[in-house]
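In the two complexes below, subunit A is the common chain; its partner is subunit B in one and subunit C in the other.
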Partner chain A sequence: MTEKMFEELNHAIVVGDIDEAGRLATLGLAENIDPLTITEKGLIPAMAIVSEKYDKKEYYLPQMLLSSEAFYEAFNILKTKMKVESKGRGKVLIGVVEGDVHDIGKNLVKIVLEANGFVCIDMGRDVPIEDYLQKVAEDKPDFLMLSTLMTPTMMSMRRTLEGLVEEGLRDKVKVAVGGGPISWDFCKKIGADFYGDNEKDALKWAVSEVKK
Partner chain B sequence: MVIGLLTCEVLEDEMAHMLCRDKDIGKVTFVESDPGKDSIAALRALMGDRLTVIKDVADFRPDPALYLEVLTAMLRVGLHMDKATLKEGVTEQARVLSEKSDVLILGYGLCGNVLLNIEEELSDLRCPIVMPRNEDGSTIDDCVCLVLGGTQKYLDQVRREAGTWFVTPGWLKHWDTLLVKELHCKDIDMVKWVFKKADYKRVLMVDTGIGDIGTLRAGTKNFADIFGFYIEETKGTLNILERAFDQAKNLLDKKERSDNAKRCVGR
Partner chain C sequence: MSTMTPIERVVAALTFKPSDRVPVALYFQSAAQHDFVELDYTWEEALNHPRKLFQSIERQYTEYGADNFFLPIDFRVEGEALGSKLNYMLKCGGGMRMGVVNDWAVKTPADLHKINVPDPTKAGRMPVILEVIRRLKKKYPDVPIVGFVNGPPDTVADVLEGRYKRLYVEMAKKSSFIHDLLELCTQTSIAFAKAMLEAGAVAIATVEGGMVDEAVSVDQYAEFVVPYHRKIRDAIGAPYIYHQCENATPFLDLIVNEIQPICVAFHDSVDLKWAKEKYGKKVAIAGNVGVSKADAVMMFGTPEEVTAAARKCLEIGMPGGGYLLSGGCEIHHGIPPENIKALVQAAKTYGVYK
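This part shows the complex of A and B:
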């Protein structure tokens, strides 16, 4: 019965059935299944399939968005019963830079990080540089992850890095940048630590950094 | 002398305007294509027999009696939904056009940085490339920044309202192609849902002064009504495109002087 439930939950997320994902997460908890087990077996494999479908051009932005919504519908229900350490595997401050509302990439990174035990503070989209700097100072995250889809708003990333240096915060946080127009070249130019092409890259890097 | 012009379908009205109003241009030769068919019709009405349509770039024969003519090709608007397709399409067509041109204007910007290194990658072409640029010399980001008058103008607008959808005549004409077909939404309701998730709120009509303002306003209102956005207008400009054409002409003048000098030395 449990395995069938995991299968159905994975399917609900892959096809973007938000209500069904929520129903199955609730059902899993009602059957006293550990929420971490539900996440590992019912949610993470689904997002891996979604990601693969996107890479193969079977899925596009709307389908990714629907699956993300279904994931969070289930995950937010499970989170209420999860016993997660306050910092998890690491604390991540994540957001889209000022002037940009395109947050699907950021949300996908957040999904895989949260599903893998990282605690994410989601700053949302169109976030002013000062807000990132203030939050880095206050919450002392291990990672700051910045995203943008548009070239004009890329400079906000550079200014955030400059701000971290000016505020004496640069050596206190690892910084990753990502989004359609971003590249390793740009990452190096602005003095960030990591550029990720996708959510899997971001997770792999964060995991390797916390192991150091 | 021949200016090659490779441009995106989304800029068809702006480019038609540039080609018609430039008194130096003696003739425009358009390479026939599906994305170019409306431009061809518009240019035919405006330019009469100064417009020639050819099936293939190989058919182009420059007119030695003319000081300046333009050989133009247009690529479909949806290319930019896929990075590899856009880069491949622009690179391939630029190579073809360059064979018949003395200078080549690329009517594209960085387009999400897909074309960031395009000039370097096409440095082996037989003619120089001109791209639309900001005043500081940096390559323009995209078609929206182009008609707004530069990157800073774009930033000023998104700082006022980050959830802004910019419309020009081209974007209004092609929005269904871009938002439904190319984005792989199953219908307009799905586009609405995506817009809502992305928190788009405003449609900003960019008026560069070309075309009929009433038609532009009506199209903007229709778009805003469908998606529930509020409308604002801003003045755009074709200054950046004009600078690109001027730069191309300056390069041609230099080439002509250089060719003349070589001929004198050879005598």
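This part shows the complex of A and C:
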């Protein structure tokens, strides 16, 4: 794949052309280009542009989500040919806490992390506390990222942290919290490690933690 | 001025006529959970039985003292009537047990052609709501009943598998399918609103919950929100009250000038003073004592703090009339009952017109 084709792949993702993104990813593999190289040159720059447009309010959630669909169309094709499903830069267990079904913020964080080489285990939404505890114990992720949009379910976030302590898992995983009503104050109060206002904050923090 | 009935007071406020005091109009929704706990009803049984729901709704007036009845108190009625199925979570954060959709009526565009506008006298829980309205009208003829319809995009999220995420993606694609689905949801809201008015409601209130300033642009709001609400407003032949969740500021010109509701109920993210100055002569205003993350006084404040916040709103809203005291969004289950009562009492103490 030439540089021009990387450019075309980036463009397809930025404008949300799902079919074109898939076609170009398939073409790149057919030309025996390393899927990681395609990801780094053809996908990640595109998501950075999309994120910038979102910050500048040139893009809103509809365009952002359409671009992310195009990203996944290509990424899922490339993933099938990636040699080892490794930990990437780090393994992240991510989900919306028990009692809450609002998952758009969580999905945005997941996209940005995956686009930047983290492996995400997506727990979904309204996830029982016990499921988080079990998965932390079994899969040993580097990070646990919890999200909620609603005030009443902040309590569920607190209980998840308490559960980690009770099960002796708290020092095995770094915990980030986020979502509409969450703040640094609340993060400290419940004993989490990090509060992020948006997907970029989450990425920056995760990158800085793996460098430690 | 002699004491008015709640319905006289609300009509006076909506039409900028003199009245005895500011009415308290509440979007009383999941706070009903306090009453369900006291009455020993689950959400599922209370929402599905006219007698039980009536017992809860009448407390909006008898227990809390609001100047209106507000129902339905959940957001899923239209989605359920269109064929989506609910699951009632019995254990989750904060004791929240309201139904959530777990099986959507529309999974592919082809499914849309299998669905018609439901008959409100038969579909889902609509007959329950209509029966409760009839009972309220009979027992409390002087208290205005406000029927609630979901904003069409919010109903789409209850009907379309993939919820808001899929809705947003289809919006970005500008697919005709999403406009067809919005139209179906709009016609459903119109049919339901008309049936509620026929049963005894005097006004229809609505909310835009998903199309918020952080999510969509003004252009997207103009294309996917405004025309559908305008259709409802034009079709129902009754006062239409509009609430925009989160910061409505970027959309307010469109709401006031294009949708043209009789009243805008402001979220607590909006500066009430600014809104009153800019729109207070064109449209009645309701608002906006804090119930959300932007201003959580009703959730975490003392009754005295709620009184002080309500007093500030009254000072801004009262001059010139056209003002109703209300929370900055729905009155939800995180708000203690004593703070709801403090809000109502504030209007009686500080909202009297001299």
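One rule holds for everything that comes next: the second predicted complex is superposed on the first by the 209 of 212 C-alpha atoms of A that agree within 3 Å, B and C clash if a C-alpha of one lies under 4 Å from a C-alpha of the other, contacts with A are read in each partner's own complex, and residues count from 1 in each chain.
We adopt the following convention: contacts are C-beta pairs under 8 Å (C-beta built on N, C-alpha and C of every residue); 3 or more make two chains touch, one makes a residue touch a chain.
Everything quoted here is computed from the prediction, not taken from an experiment.
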item	value
Partners on subunit A (subunit B, subunit C) - clash or fit	clash
Contacts of A:36 with subunit B and subunit C, given as first, second, both or neither	neither
Partner chain in contact with A:16 - subunit B first, subunit C second, else both or neither	second
Which of subunit B and subunit C A:153 touches, first, second, both or neither	both
Touching partner for A:61 - first (subunit B), second (subunit C), both, neither	both
First (subunit B), second (subunit C), both or neither touched by A:181	both
Contact residues common to both interfaces of subunit A (with subunit B and with subunit C)	60-63, 65, 69, 98-101, 103-104, 126, 150-153, 180-181
Of subunit A, residues touching subunit B in the complex	60-63, 65, 69, 98-104, 125-126, 149-153, 180-183
Residue ranges of subunit B in contact with subunit A within the complex	83, 110, 112-113, 116, 141-142, 145, 151, 154-155, 158-159, 162-163, 183-186, 190, 193-194, 197-200
Complex interface listing, subunit C residues touching subunit A	89, 91-96, 100, 164-165, 168-169, 171-173, 214-217, 220, 292-293, 296, 299, 333-334
In the complex, subunit A residues that touch subunit C	16, 57, 60-63, 65-66, 69, 97-101, 103-104, 107, 126, 148, 150-156, 180-181
